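What follows is a set of structures to go through.
Below are two complexes that have chain A in common, paired first with chain B and then with chain C.
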Partner chain A sequence: MSDNATSARAGISSPEASLTLRVRFSEWIDRHSRQLFITPAVVMILIFSIFPLVASLIIAFSRIRLRGGGYSVRFVGFDNFSKQIFGSEQFHFLGTFAPISALGWVFGLGVLGLVLFWLFKYATAKFTVLGFLGRVITASMAVGLAFMFAATLLSGKPFGTLGTTLFYVFVGCGIQFLIGLGLAFLCSQPIRGRNFFRVVFFIPMMITPIGVGYAFRMMADTTKGPFSPLWKWVGWGDFTWATDPWAARIFIVVADSWQWIPFIFIVLLAALENVPRDFVEAAQVDGASSREIFFDITWPQIVPVAATVMLIRVIEAFKIVDLPNIMTSGGPGIATESMSLHSLFAWRSLDLGQSSAVAYLLLFVTVVTCVSFFNLIVVGRMRANG
Partner chain B sequence: MAERTLMERLFEPAQIGHMPVGTKIVVYSLLLFWTAFVLFPIYWVFITSFKSAVDVNSGPVYLPFIDFKPSLHAWKELFVFDWEDTLKAYTNSIIISLFATALSVLIGSMAAYALARIEYAPKFGSILIFVLSMIAAFVGVGVYGVDWRLACAVAVAVFFFLIKALGRFYAARLGNGDILFWMISQRILAPVVVVVPIYMMFQSVGLLDTHLAIILTYAVVNLPIVIWLMYDFFKSIPIELEESAQLDGATRLLTFFDIVLPLSKAGLAATTLLVMILAWNEYLLALFLSTSKAQTMPILVAAMNAGERGILWWNMSVVIVVMIIPVVVMAIILQRFIAKGMLLGAVKG
Partner chain C sequence: MKHLFKKALGLAAAGCMTAIMPASAQDYNGVEVNILTRPGPVIAQRLVERGEEFTAMTGAKINVAEVPFAELFQKLLTDWATGTNSIDVGVFASGWAVEMVDGGLLEPLDGYIANDTKIDMDDIAPYFREFNQKIGGETYLITVDGDFQMLYYRRDILEEIGMEPPRTWDEYMTVAAAMHGKDMNGDGEADYGSCIFKKRNAQSYFAIMSMAAGFVQTKGTGHGIFFDPETMTPKVNNEAWAKAFEVYKATGEFGPPEELNHDIGDTRGLVQAGRCGMVIDWGDIGPLSIDESGAAIKDKMGAVIMPGSTEVLDEATGKLVACDATTCPNATDGINYSPFAAFGGWAGAINAKSDDQVKQAAYDFLSYVNQAAQSNVDVTMGWTGYNPYRNSQLNNTENWINAGFSEEFALNYLGAIKDSLNHPNMASDIRIPGAQQYTGVVLDRELARFLAGEITSQEAVANIEAGWEEITDDFGRESQATMYKLSLGITN
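Right after this comes the complex of A and B.
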């Protein structure tokens, strides 16, 4: 590129050479620079994201059979989706439904009431059609999910890949945020060896997820793993975590946290270091306690960063696939299967329609969650702060 | 000054900027605990790479030379007996992550710069027509078995015809913000949503299991990150510099490569490192797009799960260690930039 640049510079400094081919070429480039700058990115995204997205949509609405050398496509409408939500795959995607227990009713109706109250408040305060529609979508998904958990988890039945994915996303990201913030706060204190901790805490993010998966499988081994004496001492020597749904899920969250806390940590640490020292010192002079300083001065300054970093993290967390695949292959049963993994398994059994349908459902849940998070929390905060 | 109680002396600062002893103990023990939590799995993988099968299977041993006699048999197996496979995977990984990163950063920062500095206003109607003609082409190819080249040609022709014919009737336009949002939102797509069509696409043009296919895919997957981070960086550069360069007669391209890019070194470093880590570690897409020739390191790690013989922990550890070393070294050198680069993206994003 520098070659190109120097030739252009030569063209500028010597007008007598302005008719050479090179200069005419660089003039052409200059005239079309608007398009030249952005076209490569647009074309690449069109070919590798939008084409596949549309193709996936078509696959999701059809049944594909592979036959010697080729394949046949038959349009089946919403079959693939309704199979996941109402049909034979319901146990897999949503969970095994039971009659809703009393606790389930309390929870489901509680969420419904809260959501209706929230919608009512919005509709009476400031009403725009688009804003209301968006909130209705968010609200109906919240209620749907609440009743799904009410009919499965709270009624003593296992939930499916949707519930597992949401568990990874919300529990995992919540833990990661708290620990990441805590570590960043500790590292922002005047301590020795700050650079050492910063580098060490950052390392896990660079390790391939598949390596993390296998490393934690070794960690978790209760008979040959490094902590097996500890397990034996506690009396859980023959407890295999991979056969207990909740132990397996929690272990995957631990591994996921180990890998992703560094990301949250490093960004929040940079944000904390950006908080002007004068503010904090002035408050200290005025005799504010450290808790007051944190919640009244530091926290409001880092909220925008925190919201964005969590948005990125939540987007990535919905895609979790390597860890459950490596650590448990989705087992026991389907207890640790995320939606990405569900789709991958469907693909492996050559059921392309189901695979795409699950992938699209994942896309829908992700988009609704992330857009809600962004519009309701991030933008709301920005407005509140001016 | 009044007499201070023990608790006060331990936990309340005597003067500003001073950390009392009790707080110090708590802070350092928390930090050291987390250091141990972070480092222990890595240490375990590292020593496992020097263990023999017996050492691994007979229960935990912790300290080389004390608990067990370290052996190089796993390293030998990968670097002497399977040298060709290891070398192939390693060079594949290096080639793919370098080229994918370069491509992604180049294209992404050009687009980010364009969005930060040039006004775009595509018509909403034209985009709608484009999407519809694309869907039509897809249905034609997928459902009715039309030849894909023919379908593409017809779709493009129809698209231009409709734009010319209907262009006067709609005026709604999108802005730079919408384009930016569209590009960044591509990150939401889980690989599983798009990987099957990408697989079919590469199969139909005969590029499956080649470096090119993986490089292109990785470049696009990471494009949203590059655009996001670099957009904020370019926005933060004072526009006066570019304006004066343009007054002196510099072209846009020249301004970009000679003035803007050198000014955003920190952002470029952070973005490059981040994208390179992601490309280096990616597993799922590589699993779909490579079968033997273009296999990358993560595939090699998974290959150590050798079915009936169980997992060859020692060999796998060697591969993981070999994979970790270059990124860790690179990241320790560049980590200052990462924090800065990400912070900028996060603050303004």
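Right after this comes the complex of A and C.
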């Protein structure tokens, strides 16, 4: 940089015009080098990422019909979205609403109270406009979801694909984190054969989701599957998980967990191995218990990695589509249908507008959840840990 | 002498070839016909094999590409509508063609048929010739498979319990109850009285339409089971459809515990293993019962027209009323039958934008597959997925006996097909733009929710009515009414 600048100054003093031009050009290049270097990447992102995003946004506001010589597009405003939230697809997306039961009111108002208290605390302690706005969006979504569950699940009616997706995300990822962390902790201990276990625990992640789906569908089949004699022996020969909404959802979470625990396991194992032995040994010398060592020394060291791995896992879990599609086709009823599957089914019937609208609603829920998780929980915790 | 012999052999071979030559035997060297259909071996594999024969005869190369069933329609529509035109022939459900003809994507075939001396259209059963292959009076499709559903039962078990094949759904439930729990394949385990697939996003919506047809349609094929042809008001929010929903769910009581997650493949597996007393299926069960894996049911199956009903829909009130000469003009012994042409069968259609020579070659190939000489053999083989649609296939037991049927079962099976195909009250599948959305999405989803206990049958039919109205408004009520009338053969 400094060399170029020197030569540029030398160039200006030269009497030859062409040299001046060349020097000025190279000076210009020099000044804009950052933009020039980044341009190809920006163009690629525009073509492959932003353009499809904008195109699908346009589709979400239209009705598209394929016909001879191309397709016809009709702008329908927010119809595709309002259909999901207030219209004929409400039961599908949000759930079948009933008058809210007493339990539902308690839950809904409880969440509303907590959220208002939290906002009030923030507003009185350290108020910034942007921070407050973000918290209002998070709070509105939390209250909306609370009342959605209050009017459906807690009032005896089934919830829709949004509720099912949240179940997969929160219950699934929660289980996966706990088991993944537990296994990683065990494999980080000096136990015999730990390399063998590391490989074994990692294998499920390398199997294609379609394979996992079929394998679990087969294994869980109580009438024909390989474990059929076992199910019969324990008296479950006539129990069918696929016909019961909760059993079906839980089985999908089990299959999803089996596949994704290895991911959390391998990342957390790396984090655990990086915790300096000196700290642990010093604590041991000072007489700290294993529990104290884990929570006061190991855990704070792995929090940043744990938060990142969970963020990636949560984003991935929001997009779950293959397992419910293969294991139950979204059934029984719409009990196991995730939002991605909802969008896929709409796309299959060539209802591209509705498919895009559901995809955008999924994007909104995912972004709000993940940004809230990171900004409000992870950043706060990391600051608290110093 | 040797030379003469060779020459004679050559002449004889040429003579044989001429006998089985396609419609207009031309030299198609260098012509390639690209076909898109569902994954094999069902439907696709036989097209590949017949394609090789066709290539040997004419020089035209037949390429068969396969995509998953759920994506077939979109792939064809996007390829043709966007002008990509990489596909010359689609072999798909005949009902989908209406939307394609509406968009001007399919080649009309009457001109080709007029010059075709081999196809013998009069041999094709009237339903397939007049309804399935035609849209608005013009032929756009060549049938390769005739589809409608029938009831199959285990003859041995029925004899054992001393009962007759059911004629109504009430009788079906009685027989299923009597069969349920018996060991039907000698493995010492209790088997099932009734096997009817009930999985979502599979074939369940065809079974419910088959059941509803007998309650809804009374006045012949032109009556229809879906809409009022004048106003396009759905004929679904009534006691007839609700009753069909209730019957469908009730059959599960005598079925395998996991039936809600069974598609047609699972059900056929159970049937072939000898575990089902009765089953609703397309024509495939016949050939599948003589298949190697069907050893447990060989010569033990019987077939009969789909059960009917003694009560039918009164469209004015939406209630079920008793069958009499006025309400059920086509009834037999007071029972209204309405065999449902579920799916309508696989048929080939030609891209209107393909080159003329390719279109002619494509037509000749479809005609070759459809001609009696080929199809009468193909329909006797279970794995092809082709079911009978020609009179010569139904009137002649020879091919079936050669394939491994017993004389008795061949007569029984073909008799049931003839009863259905020649029935004046045969019900047509939905054949209007958006067909997939009406049935494959809305009907299928509400059926699944009802089966899962999320909603009642009344709520299900009300939701379907609302969903169908929305789709009709979206596509345009008047144009949908016109298409619906055309699909029922109403031309005035």
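Just so it is clear, the second predicted complex is superposed on the first by the 342 of 386 C-alpha atoms of A that agree within 3 Å, B and C clash if a C-alpha of one lies under 4 Å from a C-alpha of the other, contacts with A are read in each partner's own complex, and residues count from 1 in each chain.
Keep in mind that, in the parts below, a residue touches a chain if its C-beta (ideal position, glycine included) is under 8 Å from a C-beta of that chain, and two chains touch if they have at least 3 such contacts.
Computed from a predicted model, the values in this text were never measured in an experiment.
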Look at A:Val199 in the shared chain and tell me whether it touches chain B only, chain C only, both, or neither; answer first, second, both or neither. first
So in the superposed three-chain picture, is A:Ala282 touching just chain B, just chain C, both, or none of them (first/second/both/neither)? neither
Give one of first, second, both or neither to describe whether A:Val73 is in contact with chain B, with chain C, with both, or with none. first
Output check: A:Val234 vs chain B and chain C. Expected answer is one of first, second, both, neither. What do you get? neither
Which of the two partners, first being chain B and second being chain C, lies in contact with A:Ala335: first, second, both, or neither? second
Superposed model, chain A: greater residue contact from chain B or chain C: B
Partner chain in contact with A:Leu133 - chain B first, chain C second, else both or neither: neither
First (chain B), second (chain C), both or neither touched by A:Leu103: neither
Which holds for A:Leu178: it touches chain B only (first), chain C only (second), both, or neither? neither
Between chain B (first) and chain C (second), which, if any, makes contact with A:Leu116: first, second, both or neither? neither
Chain B and chain C contact sites that coincide on chain A, given as residue numbers: 223, 347
Quick one: in the complex, what on chain A touches chain C? 63, 65-71, 88, 91-92, 96, 158, 221-223, 238-240, 242-243, 245, 328-335, 345-351
Please name which positions on chain A make contact with chain B in the complex. 1-2, 4-5, 8-9, 12, 26, 29-30, 33-34, 36-38, 40-42, 44-45, 47-56, 58-59, 62, 73, 75, 182-183, 186-187, 189-191, 197-212, 214-216, 218-219, 223-229, 258, 266-267, 269-271, 274, 281, 284-285, 304-305, 308-309, 312, 315, 318-319, 321-322, 326, 339-340, 343-344, 347, 352, 355-356, 359-360, 362-363, 366-367, 370
So in the complex, which bits of chain C are touching chain A? 70-71, 73-74, 77-78, 80-83, 102-105, 199-202, 256-261, 352, 436-437, 440-441, 445, 448-455, 463, 466-467, 470, 474-475
Touch list for chain B against partner chain A, complex: 16-17, 19, 24, 27-28, 30-31, 34-35, 37-42, 44-45, 48, 56-60, 62, 107-108, 110-111, 113-115, 118, 120, 131, 134-135, 138-139, 142-143, 179, 183, 186-198, 200-201, 216-217, 219-221, 223, 227, 248-254, 256-258, 277, 280-281, 283-284, 297-298, 301-302, 311, 313, 316, 320, 323-324, 327-328, 331-332, 335, 338-340, 342-343, 345-347, 349
